[in-house]
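Shared between the two complexes below is chain A, which pairs with chain B and chain C, respectively.
So, the complex of A and B:
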C-alpha cells in the first residue's frame, strides 16, 4: 500500500506539471469546422460547410502568402455540451485557431463563451440567434450569414410592401418560436400591415390540420410559419394538402433553407416565401462557385450557410495574412472588422463593431413546377433588401461592446 | 440461537471483497494518472456520466426497477446548480388567493453549494416521481417514470429561467469553498474525481449494507420479501430517492464543468443513453457502469470526426453487446474469472 501512495503522489505531481505552458502560435493556421453532420442541419451545413472551407483555402492560395492552413472538422450532434467540449479540446490540445459554422443556436451560444474565454476566433454561419451580436456579443465572434432578426425583418417588411399586408402566425410554442413571431409581427405592424390572429402549436406536432384550417378561415394573405426543422416541413406539406397556396394565400417561412425546398419538392413548396443571404443562381460568380461545389458535395448546390463559410474563411485568412499572426483572437477579429470584406459570393461588405457582418439580403419566392428549368432551379427574386436595412440597427442590439 | 456460518460462503465473500478491492485500486490509479494522457474536460465528462450510470445501476441492477426517466434528475439538477452558481436568486410561485412570487434573494453561490442545491432538488423530484411510480411494476413503472420525465422536459422548454432552447450559458466555475480556483482544468478534474469516488463508495456501501441486501431480496422475489415482513414499498422508494439524488449530483457537477445546462440533459434520449452505458458495462456490477460510461463517452468524443457514422457505430456496438456479451463487459470478465466485480 505504501508503494501505491508513492505512485499516486508522483502521478498527481506529473499531472499538475504537464497541464500548463501552451503556445498557440505554431506557424499553422488551423480551421475547425464544427457542424451538424448527422441530423436535421446536416444538409444545409454539415460536410458541405467543410467543402466550402476547403474551397476558400484553395482559392486563397496560402502557400504564396507564406501561410500553412489546415482544416479539421467534427459533428456536434446539436448538443451544446458536445460542441463546447470539442471546441475546448480543439483549442487546448489541437491548437485550432478559428471555429467556423456551428448551426443550432444553443451550441453556437455555448461555443461563443468558450471562444471568448480562450481568446480564439469564432465565425458563425449556420446559427440564427441574433443574441450573438446582441447581449451575448463577444470581441472574438463574427456573425456572418444571417440571423433571426434579418429573416423576420426581410420577410415581414418586404412582404407587406409587396402587398402581403394581413398575417396569420402559426408559431412553435417555445422561446424560439415566440421570439420569431414577436419580431416578425413588430415588423409587419411597423410597415402598416395587420396581424389578424395567431396560434401556438406544441413543439414537434405531427397534425397541423386544425391550425391550418384556422389560418385558411382567417383569410389572411400571408401565413407566417414561426417554427423550424421538422415542424416547418410538416406544416408546409399539410398546407399543400389543404390547397392553401392554390387558394390564393401565401406561406412565409421564417426559417427555411433551399435544402428544405429541395426535400419538399416544388409541387409542395411552390409559392413559399423566404429571406436568404445567398442563392446559387444569382450571378456568374455564384454560379461558378456552385459548379465547383456540387461535385464535392453529393451534387447539391451550396446553401447560404455554406456560402457564408466560404466567405467568412476567406476574410479571416486575409486578416491573418495581413497581421502575420493568428495567436491573438481579439486582434484578428479587430483586423477583420477594420478591413472591408470583398469576395465573389457576398460582394463588398463590412463587419460592424458588434460582430455583425453586413450585406444585402434577398426575398425569394419558390417557383411553380412549370417555371423551373430543372433540379435546384427553385427561386425567383421578389425583392432585394439593401445592406443598410437588412440587419438590426447597432443601437438596438444591447451589445456591451458598443455601449461600453 | 447460534448463527450457523457456512465456511464456503465466507470464503466466497472474502474473495469477492478482495477482487473488488483490486479493481477499485486499479480504477483509482488509472483515474489519478489519466489527466497526463487524456484531456481533463473529456475525463470530467466521463466521470459525470459514470456517476450517473452508477446511480441508475443502483436502481436497475440491485432493485430491478427500470426507470426510463433518469434524465429528469440529471438535467434538472444541472439547471438548478447552473442557476444557483450563475444568478442565485430564487423566485418561487405560491398560492395565496391568487399566484404570488416568493423571492429568496440569494447571491450567486459557490460551486459546492450549487451542486448541493442541484442534488437536493433531484432528491425531492425523485421522492415525488418515485412515490407515484413504485406503485406499479415492470413496463408500467418504466412508462410512469418516462411520462413524468417528459412532463418536466416540456416544463424546461417553456420555463423562462432554463433559457429554453439555449439553456443556461456561461455558468461561472467559481472557487471551491471560496478558496480553490476551479478555472484551472486539472484542479477541477481532481475535485470532480474526489466527488465521484465519494459517491461511488457511498453506492458500494449502500449495496453491501443490510438495506442493500433487502433491495436484492426484492429484486429476486418481491412477494417473498413482503412475506418476510419487509415493507418493500418503503425500500423501493428509498432506493429511488437515493438513485435520483446521486444522478442529480452527477448532473449538477456536469453543469459546473461545462458551464452550461441545456435541454440535452433532460431529453429522453439521455435516459436512453444511461441505459446503454449500464448495459454495455454490465448490469448489476459495481464497476460496469463506470466502464460503460467511459466507453460511450469516448465514442462520442473520439469518433466525432466520423460525423454521421457515430450513431451507426454506437448502434452496432449496442447490438453486438446485446447479442454477444449480455452480461456487459465487466459482467463477462467477472463471470470468466469467477469473481464479483
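So, the complex of A and C:
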C-alpha cells in the first residue's frame, strides 16, 4: 500500500514536471548570462557581459514591441559540472529561455549538451573551441564572437606570410590549448611554415622561464602562445625579461584580450600581434558603446566577448519579436539563421547552418607607449580579415547538421 | 656538446639555474611560514594573500606616490607586517591555547576575504609592473641568457633567508624567541614581554611574505589571485622540510625549485604535481619532514 502511494506521488511529480517543461512561453523572455564572475576570465567577460546584455535589452526597447525581458546571471566557476547544473535549474525551474556568454571551452561544451537536450537556446561569446560548430554543433547553439580556428587563421597566416615560418608552441595543457595549437599548426603548415617543437604547460603556471628558455634554444622565429588569461600575461611578461624579442624571435599571442594588454602595460606588450573581432576605438558606434559601457564596469573598455554578448542578445531579441514566441529553442535559432544580422558593433553579418556567426575579423598590433594617447588606446589595425575568409569553411567542420 | 639524457648539458645548466630562481621564492615564502609556525604554532594560510599584498603595495606606491621598486622593497614589508600585527592582536592571540585547526580556519577565512576585497577593486586580470631600471637587461652566460633581475632575486633571497636563520638560531634575540616558545612562563619571569615578542614575530613572518611579493611583482602577474596558486606549493615545501624548521624551509625551498626545474625539461606536464609526489614519499618515510624533529 505504501509502495503504491510512492508510485502515485512519483507519477504526479513527473506529470507536473512535464507540464512545467511545456509551459515555457510565459510571456517573459528570460536571458541567463552564465560567466566566470570571480576568477581569471572575470574581467574579460563576467559582470561586463551582464552589463552588455542589459544595454542590448535597453536599446532594443522591448516594451514597444510587446515583449517583457528579464536578465539573470550566475558564476560557473570554470567548472563544467557547476555550469551544467545552473543551466538545468535555470531552464527547468526559473524558465530561462536563452543562455549567453559562457567563457571556458570545457564549460561551454557541457552547457551545449544540456541546452540541446532541453531545446533551449545557447549564444556563445566567451568560449573559443571551434568544436562548438564542428563535431559538437547543435541546432540550438550559435557561436558568436570568435573561435580557435579564426584566431589561428588570422594570426597564424599573417605571421607566416611576413616571414615567421618556424614555430615553437607553448600550450596550455587542456582542451582549449590543444585545440588552439592544433588549429594554428595546421594553418602554419598549410602556408608553408613548419612547427619545430612544442611544450605542454599545466594551467595556471606562474613561471614560464623554463619553457621560454627551451623556445629560445629551438631558434624558432615565432613563439606561439596557445594559452589565455593569466598564463598569457605571465609568459609575455617573462619573455620581455628574457630578451626574447630583442634576440630576434617574435611572440604570437594566439588569444589576447584588451584586458590582458591593459594588465601587461604597453611597455611590455608593444608589438604583439593578435586577432580580435572587436576593438572599442574602431568607429563612432563602437566608441559610443564603450562610452556607455565604461561607467557600468569599473571604467573598463568592453572586450570583444562583452561586445559579442551585446550583439548576440540584440539579434536573439529580433528573432523572438519576429516569431512572437520563445518556447521552441530550435525554431528561434532557425529564425536567427534565416534573418541577416545587423547591429552597431559587428555590422552586417549572417549565421551559418552550423551555428557559426560570420563577420569580419581584425588583425591588430599593440601600439608603442609613444603612440598611445592614454589608457585603453592600445591597438592599431594591421589588416581586416574579410568575413568570407575569417572562419573555417563550412565543409571542413564535420558538423552533422551540415552533412545531413 | 655533451648531452645528459638526450638534453644538451648547456640547456640543462640553464634549467637548473632557473629552478634555483624559482626555489628562491619557495624558500622566502616557506621561511615565513616556518618562522610563524615554529614560534606561534599557527598554520598561516593568509601567507599567500600577504604575498599578494606585498606585490600590490609595490604597485600602489608606484602608481599613486611615484615611489620606485627599491622604496617598495622597504615599505611593503613594514606596511603588510603592520596589518599582520593587527591581525595577531585582534584574532590570533586568542587562539594559541586551542587546536591548530582553529588558527588554520581563521587564517584561511581571512585569506579569502582579503583576496575577495582586492578582486573587487582591481579585477582579476592583473596590473602592470616593470623591472626596475637598474636591473633591466641581462648577461649572456654562454649556456643561457640570465636577466639581471633574476640574478638579483637569487642573491637577495639568499641574504634574507640566511639573515633570518642567523638571527633566530645564532643571536640572543633568537634565543629569547626560541625559549619563549618552549616555556613562555619562565621567559616572562626573566622580565621579557613575551606577548609583544610573539606579535612582532608574526609581523616579521608576514613581512617576509610581503618581500617575496615585491620581488615577484616585476616578473609575475600582479593579480589578486597570485598568492592562491603559489601558497599550496609552498605548504608542500614546508611539509617536506619539516614544519617549523628554519633551515629545513630554506634548503627544501631551493632544492624543490631545482627538481621542479628538471621536471619542466623532461616531463613538463607533471611540473605542477612533482612537488606533491615528493611530499607524499617524504611523509611515508619521514613523517616529521626531512629536517623536522619527531615529537
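Keep this in mind: the second predicted complex is superposed on the first by the 348 of 404 C-alpha atoms of A that agree within 3 Å, B and C clash if a C-alpha of one lies under 4 Å from a C-alpha of the other, contacts with A are read in each partner's own complex, and residues count from 1 in each chain.
In this section, a contact is a pair of C-beta atoms (placed from the backbone, for glycine too) under 8 Å apart; a residue touches a chain by one contact, two chains touch by 3 or more.
Because the structure is predicted, anything quoted here is derived from the model rather than measured.
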- After lining up the shared chain so the two structures overlap, which partner does A:218 touch, if you call chain B first and chain C second: first, second, both or neither? neither
- Task: Return first, second, both or neither, reflecting whether A:42 touches chain B, chain C, both chains, or no partner chain.
- Result: both
- A:92 contacts which: chain B (first), chain C (second), both, neither? first
- Query: Counting only touches as set out at the top, which of chain B and chain C does A:327 meet: first, second, both, neither?
  - Reply: neither
- After superposition on the shared chain, which partner residues are touched by A:119: those of chain B (first), chain C (second), both, or neither? neither
- Task: For A:350, select first, second, both or neither according to whether it touches chain B, chain C, the two together, or no partner.
- Result: neither
- chain A residues touched by both chain B and chain C? 38, 42, 46, 173
- Enumerate the contact residues on chain B facing chain A in the complex. 25, 28-29, 32-33, 35-36, 39-42, 45, 154, 157-158, 163-167, 169-170, 184-186, 190, 254, 258-260, 262-265, 300-301, 304-308, 310-311
- For chain A, which residues count as touching chain C in their complex? 38-44, 46, 173, 199-202, 204-207, 209-211, 213-214, 216-217, 229-230, 233-234, 237-238, 241-243, 247, 259-260, 262-265, 267-268, 298, 300
- Item | For the chain A and chain B complex, residues of the former touching the latter | 4, 7-8, 11-12, 14-16, 18-19, 37-38, 42, 46-47, 72-77, 79-82, 84-86, 88-89, 92-93, 105-106, 109-110, 112-113, 129, 131, 136, 173-176, 203
- Message: Touching residues of chain C toward chain A in the complex: what are they?
- Response: 11, 14-15, 18-19, 21-22, 119, 123-131, 137-138, 144-145, 147, 149-150, 218-221, 223, 225-226, 229-230, 261, 264-265, 268-269, 271-273
